[in-house]
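We just call them A, B, C and D in the order they show up, numbering each chain from 1.
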Amino acid sequence: MKLFEYQAKELFKEAGIPIPRSALVKNKQEMAAALDTIGTPCMVKCQVLSGGRGKAGLVKKAASRQEAEALIQGYFDALPMLHAVLVEELVSFSQEVYLSLGMDPVSGKAMLMGSAQGGMDIETLAMEAPEKIIKMQINLDKGLQPFQLSDFAFTLGLTGEAAKSVSAVCRNLYKVFCQRDAELAEINPLFVTDAGTAVAGDGKLNIDDNAMFRQQAYEKDRSYYASDMEYEAAREGIPYIEFGGDISLMCAGAGLANTVYDLVNFEGGSVANYLEFGGPNYMKAGTAMRLCLANHPKVVLIVTFGTIARADVMAQGIVQAIQDLKPTCPIVACLRGTGEEKVDEIFREVGLVRYTDTEEAVRTAVSVAKGGTLA
Amino acid sequence: MKLFEYQAKELFKEAGIPIPRSALVKNKQEMAAALDTIGTPCMVKCQVLSGGRGKAGLVKKAASRQEAEALIQGYFDALPMLHAVLVEELVSFSQEVYLSLGMDPVSGKAMLMGSAQGGMDIETLAMEAPEKIIKMQINLDKGLQPFQLSDFAFTLGLTGEAAKSVSAVCRNLYKVFCQRDAELAEINPLFVTDAGTAVAGDGKLNIDDNAMFRQQAYEKDRSYYASDMEYEAAREGIPYIEFGGDISLMCAGAGLANTVYDLVNFEGGSVANYLEFGGPNYMKAGTAMRLCLANHPKVVLIVTFGTIARADVMAQGIVQAIQDLKPTCPIVACLRGTGEEKVDEIFREVGLVRYTDTEEAVRTAVSVAKGGTLA
Amino acid sequence: MSILINQNTRILVQGITGKEGSFWTQHMMDLGTRVVAGSTPGKEGQVCCGAPVYHSVRRALQEHPADASMVFVPPRFVMDAVMESLENGIKLIVTLADGIPLHDQARIRSAALANQATVIGGNTSGIISPGQAMMGSLPYWIERVYKPGRVGIMTRSGSLTNEVTSMVVSAGFGVSSLIGVGGDPVPGTRFAELLPLFEQDAQTDAVVIIGELGGTMEEEVAEALNAKRFTKPLVAFLSGRTAPAGTRMGHAGAIISGNKGTVDYKTKALEEAGALVARRPRETGTLLKEALSGGNLRG
Amino acid sequence: MSILINQNTRILVQGITGKEGSFWTQHMMDLGTRVVAGSTPGKEGQVCCGAPVYHSVRRALQEHPADASMVFVPPRFVMDAVMESLENGIKLIVTLADGIPLHDQARIRSAALANQATVIGGNTSGIISPGQAMMGSLPYWIERVYKPGRVGIMTRSGSLTNEVTSMVVSAGFGVSSLIGVGGDPVPGTRFAELLPLFEQDAQTDAVVIIGELGGTMEEEVAEALNAKRFTKPLVAFLSGRTAPAGTRMGHAGAIISGNKGTVDYKTKALEEAGALVARRPRETGTLLKEALSGGNLRG
């Protein structure tokens, strides 16, 4: 799960990384106290999980209290699901550094990346001046060793106090990365003051969903999700991504779902939602169909080719769902794999036809979505 | 440094290892309260650092309060430097297990050793039934892994609850071993109760002196040392071991000191004390000689052959010490190595002759100790 | 012939007494797979699917030398189980679980490299040399997918593998070995590392890779082709060609960041290296026919 | 000839700008040792004893390939410095410091084995191939000890090495290479591991080991002799023959536990394996003469 900036910074601070003085505003009522505490000028930062907040106007500098109030009120008015606004002191700095920690799949080691050209988008920097990004692999068994920290800081071009304080931030960021089972821990920018002190200007921390059993639980409310439906699907444990199109995909197996997604696009169709009910969710055909139908598609396209996710069990779930939910849109179902020989008979109960060829099923769904009828 | 049993057990307890209920008696005045707390029957255990306490009668079971009081008073009366007496509840057990962690110099790994024949001396067991000692190497970078714990416990022949609780003790003992920079962490016996619970019956923890900079400091008072002189030498940072003989060795370099020790014995002499003032102590000739003279030897035998420990600097220290301390016993000095060409002149000031052959110096010292005179 | 496993491979099953472990062990044996022993702490002395059970891998190996280990344990215990086999000298380990923590995945990968061992998975259905041996939960009974033959297959997916392989089989081919490297961001083994094995396997005429958006495994295959580390025909089917950037599409590893990891980028790399890339599952069979009937494809 | 180092060995000095580092680097160079660069974090751009200084080993090696690293840092920083060289591919590292924490010693030993590298020390004066090169703080200027010749020497001690080697030289011999493995309980390199190097060195006619009570290094030498991994004459001098059990005699490693590690036990093992064991330093020279003049000493 992705954490909001303020949550990431709380964990950074616990690990010894300096962060700016700040106050969290969860609603308009909390605004006055926050501005009393931090004062102006200050930074006003929307707590949303999408990237590019600066460009989207969701992070702004407020010169005066009046300006800060207007900004905060405006954000809450414009974004009804807004999680919170963070009000931070202004940090004056002489340099911005980029720091991140991720996992390198080839070596199986952690990868510390840094650049003395912080503040800018790292992917842009990677394209324009890759030599300015310093990379260092970290053996997870041995940890980030002192000699590596020192080599890294000096190779970034830092000296004296700045080298020391950025090294300390790296050491502590690595601690967060490991202790929190992070996929990504990033500080961009890391401000370096005239005195050489380092302060985290921003903070990203993505915690591995597979490791939540050993991590502090964050109650994920609606504000963590882009839409109501994605929120609901997440609570059911079903991968679900909403798009704007006509055809609701209900597939078992991520690779197969992606293939169907492509085929729909190749055939000139458009996807309403991606939904993957494979693996442990294969017995949840009912829930999956409810989620698909709630998205008001023109057609539901079901494609499976499973082993443990038995075709007959899924067929029974689908039939039950049709009886319970009484969908008004057509359903195109292509079920194969273990137990497939029983599907025709199960489908007969609700008059559903089993497709056995993925491309044919996709073409049919696209045709139906464009106003055609089921063969 | 070696810790007393009660100190080791405090650290074991902090790490989650069950220990018996106990109370520490530092002097006779504390006895009553301790016995009130623990009750009788109980174990009464002298806190001394030497091994073989049971055989020496320093650990005893007291059936009644009267007996316990008599034991404790007797110990304090007999051992004026006694650190403390530990009073412990009696633990009823169905099995005694041996556990220890040390370092294996060949592999550079930690070595977990265990035996289901706990309670007996492990060196005796190693000789009589080595197959009953289970050994497991632990990679320090990876730590003690769960599969190792399980393999170890089952291979010890434990089952069910006992296997679980002994595994947990191993895991926690390893934690202590690493966190405390231990040379040795040992529990013998580890009691296993009928219910399968494990309780540390004894505890040894030797902390690496080289790692004291990162370890909790224990104030080492006189009770940690075998004699007043060893206590004083330790406070000066000078390795010093007291023996009962005539010749006080004052040597620079451990290997050379051991060689001189051997040669004195070969020649029929006897050593009063081993003192090694090499390495960083080579400028402490004065202190070294004071320690040697305080031991009232018949002769002081100085042997050096140093590089950084310059012969001329040591010679100056020796001359100064002779002038300050005015020793009444003869001094035989064999100085070689860097700066040796200046020694004769330095020695002339106090009429000391420089020997250049170790064996000749030893023979002379032994002869003087036996009543002969300096050549 | 085949790669990694055949009917002679001696296999130890970790977690053999569990529900999943015993179920799939039986299926593996049904196919002829040689399971020599199993391990489950605390269950030594039991017999499961006819195989003797031991407390630990070390204790099992003392009695039954093995070439490979099949790991059936829940995701949070996979790392420990894999380390147990690695540190006991096993050089081929297959682990299926979906949901291994990322940091555990990385430690597994790193330990596999350090031990010069091959760890397949997690998040996979396993590996099969059809008609000879299987490690995992592959539906060897679906004949239009798992027909023995001379095409090697490597895949990041499960159901999609059934889909694409059925097209390979319906085009008239069969499978020499199928290796599911799995859909995790840090798989234990990478496509390019398996190519030399297929290159050396006399019974493999061509290789199909079933890849997807995200990561760099397909690019590494292209590099291997460029470096002539694999010289037989290679056909790829890649899913996620129209996936939007920045969205994680099902598999944890299936995400595009920046301009890297797109299927178009991978396709370009593979095609420039001489591979044929299918846009649709059915094309995989067609391209394979073309590749195996044509002349020198990499001119 | 010599083992480990000679006049062509390119040496990097870690901690070169420190007081000890610069002092002994100058001495090393005085003897002809080829020091190509040094490292001290924060001091890049300086020049020390004529050698360019870099922030790190990695940065130094980018400009100056090196074969060996000489570590002059205080005991608590030794592990990090050794790991830095090991992870940058250096295969010979010498570290002198006395006082390295035991757990650090073990990690160094274990990393040396994993990297197939040779770490000499700590708690040593270093290594010397007299007349060619020196790494450490050995008094090469004492001619009656460090005279070039054809006897290899391995030792756990410092001053005792001067004592015993002076006896070897006064018996008419000189030294091919002298290796101080150090007096720590977990040295980076063990005696027996160096024997094959002396065996192969055409300029070494015999080897002297200077051992002591405690540990098993001398017993391992006996095993190597029994296994014919070393076939030249070998003479040992061992100190601590009359030391009491259970007392740590100076060196942290010099302690007897149980009936193992006694000098008598070691002597028996060595003599049964065909080595000659001196009781007094002077005998080392005498026995060496005997060994080198006699016929096949190991029948």
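Just so it is clear, a contact is a pair of C-beta atoms (placed from the backbone, for glycine too) under 8 Å apart; a residue touches a chain by one contact, two chains touch by 3 or more.
In this text, all values refer to a predicted model and were calculated from it rather than measured experimentally.
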Going only between touching chains, how few steps reach chain D from chain C? 2
Using the touch definition from the top, list the chains contacting both chain B and chain C. A
Work out the mean Cα position per chain and let me know which chain is farthest from chain D. A
How big is the gap, in whole Å, between where the Cα atoms of chain A centre and where those of chain D centre? 56
Taking each chain's centre as the mean of its CA atoms, how far is chain A from chain C in angstrom? 28
Residues touching two or more other chains, restricted to chain D: which are they? none
Spell out, as numbers or ranges, the residues of chain B touching 2 or more other chains. 139, 141-142
Quick check of your reading of the touch definition: is the inter-chain graph here a line, ring, star, complete or other? other
Could you list each pair of chains that touch, in label order? A-B, A-C, A-D, B-C, B-D
Residue positions on chain B within touch of chain D in the complex are 51, 103-110, 123, 126-127, 139-141, 178, 181, 183, 208-211, 213-214, 239, 241, 251-259, 261-263, 265-266, 274, 276, 278-279, 304-309, 336-338, 358-359
Interfacial residue positions of chain B with respect to chain C in the complex: 142, 145-147, 150-151, 154-155, 159-160, 163
Tell me, which parts of chain C touch chain B in their complex? 41-42, 44, 55-59, 77, 80-81, 83-84, 87
If you look only at chain B, which of its residues touch chain A in the complex? 139, 141-142
Which stretch or stretches of chain C touch chain A in the complex? 75-76, 98-113, 125, 137-139, 141-142, 155-163, 166, 183, 185-187, 190, 210, 212-213, 215-216, 220, 239-243, 246-247, 249-254, 257-259, 279-282
